[in-house]
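Each structure below appears as structure tokens.
The same chain A turns up in both complexes below, where it pairs with chain B and then with chain C.
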Partner chain A sequence: MKKCFISLAGLQRWLNVLIDTQKHLYAPVNKGAKVDFGRVASADEIVFDHIQTTQSAKSVAFPRTDVLFSYEKEKGKVQLENADLTAYPETVVFGLHPCDAAGFNPLGAIFNWDYKDELYNARMERTVVITLACTKADEYCFCTSVNGGPGNTVGSDIQLTPVKDGFLAEILTEKGEALVKADEAAFEADRGDVKEKYLVKLPEKFDIKTVQEKLQTAFESPIWKAQSQRCIGCGACAYVCPTCACFDIQEDAHGTKGKRLRCWDSCGFALFTLHTSGHNPRQTQAQRWRQRLLHKFSYMPDRLSVRGCTGCGRCSRACPVDMNIAEHLRSI
Partner chain B sequence: MDNLQHIEENGISTSPNPHIPKSPNLYLPYLMTVEKVTQEAPGVKTFRLKFQDEEAAEQFSFRAGQFGEYSAFGDGESTFCIASSPTRKGYIECTFREAGKVTSSLARLEEGDTMGFRGPFGNTFPIDQWKGKNLLFIAGGIALPPMRCVIWNALDTRENFKDVSILYGAKSVADLVYKHELKEWEDRPDVKLVTTVDPGGETPDWKGEVGFVPSVLEKMNPSSENTVAIVCGPPVMIKFTFPVLEKLGFKPENIYTTLENRMKCGVGKCGRCNVGKLYVCKDGPVFTGAELQALPPEY
Partner chain C sequence: MEDVLIEKKPAIAGNSFSGELQKTANELLQSGEVELFIGYEEGTRFPRPCFIASTDEVGKLIFDDRCTGNLAVYLTRKDLIGDKKVGITASYFALRSILRLLTEHQIQLDKLVVLTVSAEKEVIRFATTDDITAYLQTAPIPVREDDKALIEKLNAMSREERWEFWSAELSKCFKCYACRAACPMCYCTKCIVEENRPQWIQPWASTLANIEWHINRAMHMTGRCADCGACGAACPLGLPIHLLSHQIVQEVTDNFALDVNQAVSGDNALSTFKPEDKENFIK
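Let's look at the complex of A and B:
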């Protein structure tokens, strides 16, 4: 790992060089009253002082809607056109926080635990992740309770920490090094900044080991009903989550032509598991809330050796009925 | 390895890795030609499908119990078992009831038309472990298709098994599927076939039993000695058949069934078919009674 210093002006110059070399740069930008990821045409559009973007950065590798293939029908015959994995753009995602970068780990596990999902992998291979370590947090953040932290480098190719007059840059991977080479002069010698001094202090809200142990025997617990009574099943939590990977496969048909699409879905929806016969293994919102928590904190750790939560707090911020996942986990 | 050797002896190809399609895209189906359409019962059809790509046809192999995702281009995919036996080469068959958007669209296809198939997915009936045993097949309604695959697999390698008994029930005589094959099984001296229809579902010339599967099973009184029971049917039939089997002395580990949860991907990613931490698409669809007992009641 190499450490450097980079000024804000140097950073913006470097990012503009990356844009000039045809890379798709995604970064936090102002969208109305929100800060969210968007493709930027110039580095001065980028917002630095947000606590959390509304959406996670997962869509760079797992788009909200992705074309699996196209088809054309003619007199009972069908022609298929495969998704062109080589056409996926070279992408730089900038300014995501460590909790989002850590989310690529569970996503990668789901898409590769047995069958390899080459659509996800091809996008990920073409993506470089530049995180911004956290110097502030809000009451929803709980990364330190799920083995993360404001300066956690898991999933990052480069991590920047805001320090006096600029950023401490940690170049963590070969992909990161290659990106630095685009404008090496923008990077200055390390000034010896102590990263920890600048990071936000975030006390743990619960002991994750205890929570996960308790969940092993909690399937029949009354907590699921109690916790989910106000849940309206809107699925917002899944759409903003950096690790939720559940998807639907849908058809976008126009006459004899069409596309098969993969779209984000949510285990919170009643239709998610509904059989054609009308039978539904997860009929109630309590069962669906249980699935959400057990999947993230029990099934995934058991089957994939990763947890489906990085403590970003988005689900709690987005919830229209104020369900707070950290509080619910603590109460288990 | 033992597993594979047995399968080779059973006459089933062991060509390497039938699971990974040639395309790196897991979601790209094989194109299949509907070679033959059989109307089995009102709203129930069987399709015989042939791979349009010769290389894919040659490389394809599967084992009894596995399933696939069947495409009607323009309407989507549906999940059914492969209803033909792996011992019958050159084609696969699926049997489905017209129920939703995709199955209605599939049902409109005619012989010669093109549809899609992804698979084979999921685990298999451990037919190689059943050598030297009696086999008792119990099926209800539209759940005969997943069992037909393993029945024909067993009958095509008949010398490997002792007694083979089949109990099949449907709502009415008209709802019985594979009528011509039922006749074939009935006529075979090495198969004991009992068919039944629900009370009120019989016709004047019906010669089979009248009654629900669990009670007919009790009347059949099969021996559990050296016998495996394979049960496929609607949840209510399974619920009342398991206790009868236990009463007859069947141990849960000698009872096999299949679970059929809603699926989209078939490959353990889309997140909807799990029962507790097990995925029906990967850890199933075949489960033993003992495995079901260990699962949370979420299917």
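Let's look at the complex of A and C:
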């Protein structure tokens, strides 16, 4: 790992060089009253002073709608064409916080559980992750409760920490090093900045070990019904989550040709587990809420050795009825 | 927590009317007249819905100007309510939704105690639908200041500009259906977007598929929408989708011989013919 210093002007110059070399740069930008990831044409569009973007950065590797293959029927024959993975753009995602970068770990574990998902992997191979360590947090943040932290470097190729007059840059991977080479002169010698001094101090909201132990025997607990009463069963929490990976397969058919699509889905929807027979193994919102929490904090750690939560707090910010996940975990 | 740089939005100082309400809820639960009381409690940043089944919990009930979420959405939730006798603190717009749900035979007033808290801090209990209608006609309509500027902007746009505006906004939608889930009038057990034989609406997220969804929703709301804004408030992306149905309320008022209050208590504008309906759109 190499440490450098970079000024804001230097950073913008470097990012503009990356844009000029045909890389797709995604970064936090103003979208109405909210800040969210968007493709930027110039580094000066990037927003730095927000706490959290509305959505996570997962769509760079797991877009909301993705073409798996296309097909065409002609004279009794079917022509199939796989998605062209070589056409995926070289992508740089900038300005995501450590909780989002950490999210690529569970996401990757799901997409490589048994079948190696070529689409996800091809997109990740072409993606470089530049995180921005957190100097502030809000009341929804709880990364420190799920083994993360405001300066956690898991999943980052480069991490920048805002320091006096610029940023401390930690170049963490070969991918990161290669990206620095695009405009090496923008980077200056390390000034000896102490990273921890600048990071927000976020106390733990719950003890994750205790929570996970309790969940082992909580399947039949009345708490799920009590907690989920106000849940209205939308998919906002899942769609803004950096680790939620459930998808639906749909068909965009036009006569004799069409495309097969993968699109986001959510375990919070009643339709999610509805069988063709009409039977639904998760008939109530309480069962669906239980599934959400157990999947993230019990099944994923058991099966994939990763947790399905990085403490970004987005689900709680996005929820129309304030299903605050940290509060719910604490009350189990 | 002192040295933590945690940003917290200050709670808006609302006019708190909680005391009387707690007293009334307590009486209703104690007498057994109500088995479940739906109200608001303090939340992380804003008040949130709460469900009270015992008198021990009435202390957390609040009602103030910040309580804008439409609680009527829970009245059609069978898994939550079942056959229970239910009490509800209804905001101005929730009262409109309750009238509409009654008209559409989705709820029954004999199992429902509808309360509101007036601007004079009085807890009002409604005995009949006429009482609710009368209250709505005299109570001031809550104004959403945030919307005013955008409504003016939309009204000043040409059709082409409006199409551009909505195409850009709706292209961002990722179809989490928070708008549908937050809406008291979206009580269908199977939504049109879930129909796949035939598939009326493309269920994935893309600009065209999103526009299909939101236009369909707006049409289904026509003449039924309480104009509560819950759909827009629920949108995690902050898309002003509530203005689609808000603008339609005006269209209905202008073209279907219904005023706004009547529109929520009378017949469904798009499935009812009246001789007074204007026909000037037929060319």
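Rule of thumb we're sticking to: the second predicted complex is superposed on the first by the 330 of 332 C-alpha atoms of A that agree within 3 Å, B and C clash if a C-alpha of one lies under 4 Å from a C-alpha of the other, contacts with A are read in each partner's own complex, and residues count from 1 in each chain.
Keep this in mind: a residue touches a chain if its C-beta (ideal position, glycine included) is under 8 Å from a C-beta of that chain, and two chains touch if they have at least 3 such contacts.
Here the structure is a predicted model, which means the values were calculated and not measured.
Undergrad: When the two structures are superposed on chain A, do chain B and chain C clash or fit side by side?
TA: fit
Undergrad: With both complexes overlaid on chain A, does A:D248 touch chain B (first), chain C (second), both or neither?
TA: Both: A:D248 reaches chain B and chain C.
Undergrad: Would you sort A:E118 into first (chain B), second (chain C), both or neither based on which partner it touches?
TA: A:E118 contacts chain B only, not chain C.
Undergrad: Students often get this wrong, so check: with C-alpha centres, what angle lies at chain A between chain B and chain C, to the nearest 10 degrees?
TA: Between the chain B and chain C centres, as viewed from chain A, the angle is 90 degrees.
Undergrad: Looking at A:W264, would you say it contacts chain B, chain C, both, or neither? Reply first, second, both or neither.
TA: Once the two structures are laid over each other on A, A:W264 reaches chain C alone.
Undergrad: Examine A:S7 and indicate which partner it touches, taking first as chain B and second as chain C; both and neither are also allowed.
TA: So A:S7 meets neither chain B nor chain C here.
Undergrad: Once the shared chain is lined up, is A:G235 touching chain B (first), chain C (second), both, or neither of them?
TA: second
Undergrad: After lining up the shared chain so the two structures overlap, which partner does A:L80 touch, if you call chain B first and chain C second: first, second, both or neither?
TA: Once the two structures are laid over each other on A, A:L80 reaches chain B alone.
Undergrad: Just checking: does A:F272 make contact with chain B only, chain C only, both, or neither of them? Give me first, second, both or neither.
TA: After superposition on chain A, A:F272 lies in contact with chain B alone.
Undergrad: Nearest CA pair across chain B and chain C in the overlay: distance in Å?
TA: Chain B and chain C, overlaid via chain A, are at closest 6 Å apart by C-alpha.
Undergrad: Hey, what residues of chain A end up touching chain B and chain C alike?
TA: 248, 250
Undergrad: List the residues on chain C that touch chain A in their complex, please.
TA: Interface residues on the chain C side: 1, 3-8, 43-46, 48-51, 69, 73-74, 79-80, 172, 174-178, 180-182, 194, 202-206, 230, 233-234, 236-239.
Undergrad: What residues of chain A sit close enough to touch chain B in their complex?
TA: Chain A reaches chain B through residues 68-69, 71, 73, 76-78, 80, 82-83, 85, 110-111, 113-119, 219, 245-251, 253, 258, 260, 262, 265, 267, 272-277, 279, 281-282, 287, 291, 294-295, 298-299, 302-303.
Undergrad: Report the residues of chain A in contact with chain C in the complex, numbered from low to high.
TA: Residues 31-34, 36, 51, 54-55, 64-65, 135-141, 200-203, 229-230, 232-236, 238-240, 248, 250, 252, 261, 263-264, 266, 269, 271, 283-286, 316-318, 320-322, 324, 327 of chain A touch chain C in their complex.
Undergrad: Could you pull out which chain B residues touch chain A in their complex?
TA: Where chain B meets chain A, its residues are 19-20, 23-29, 31, 73-77, 99-100, 103, 109-110, 112-116, 234-235, 260-262, 264-265, 267-277, 282, 296, 298-299.
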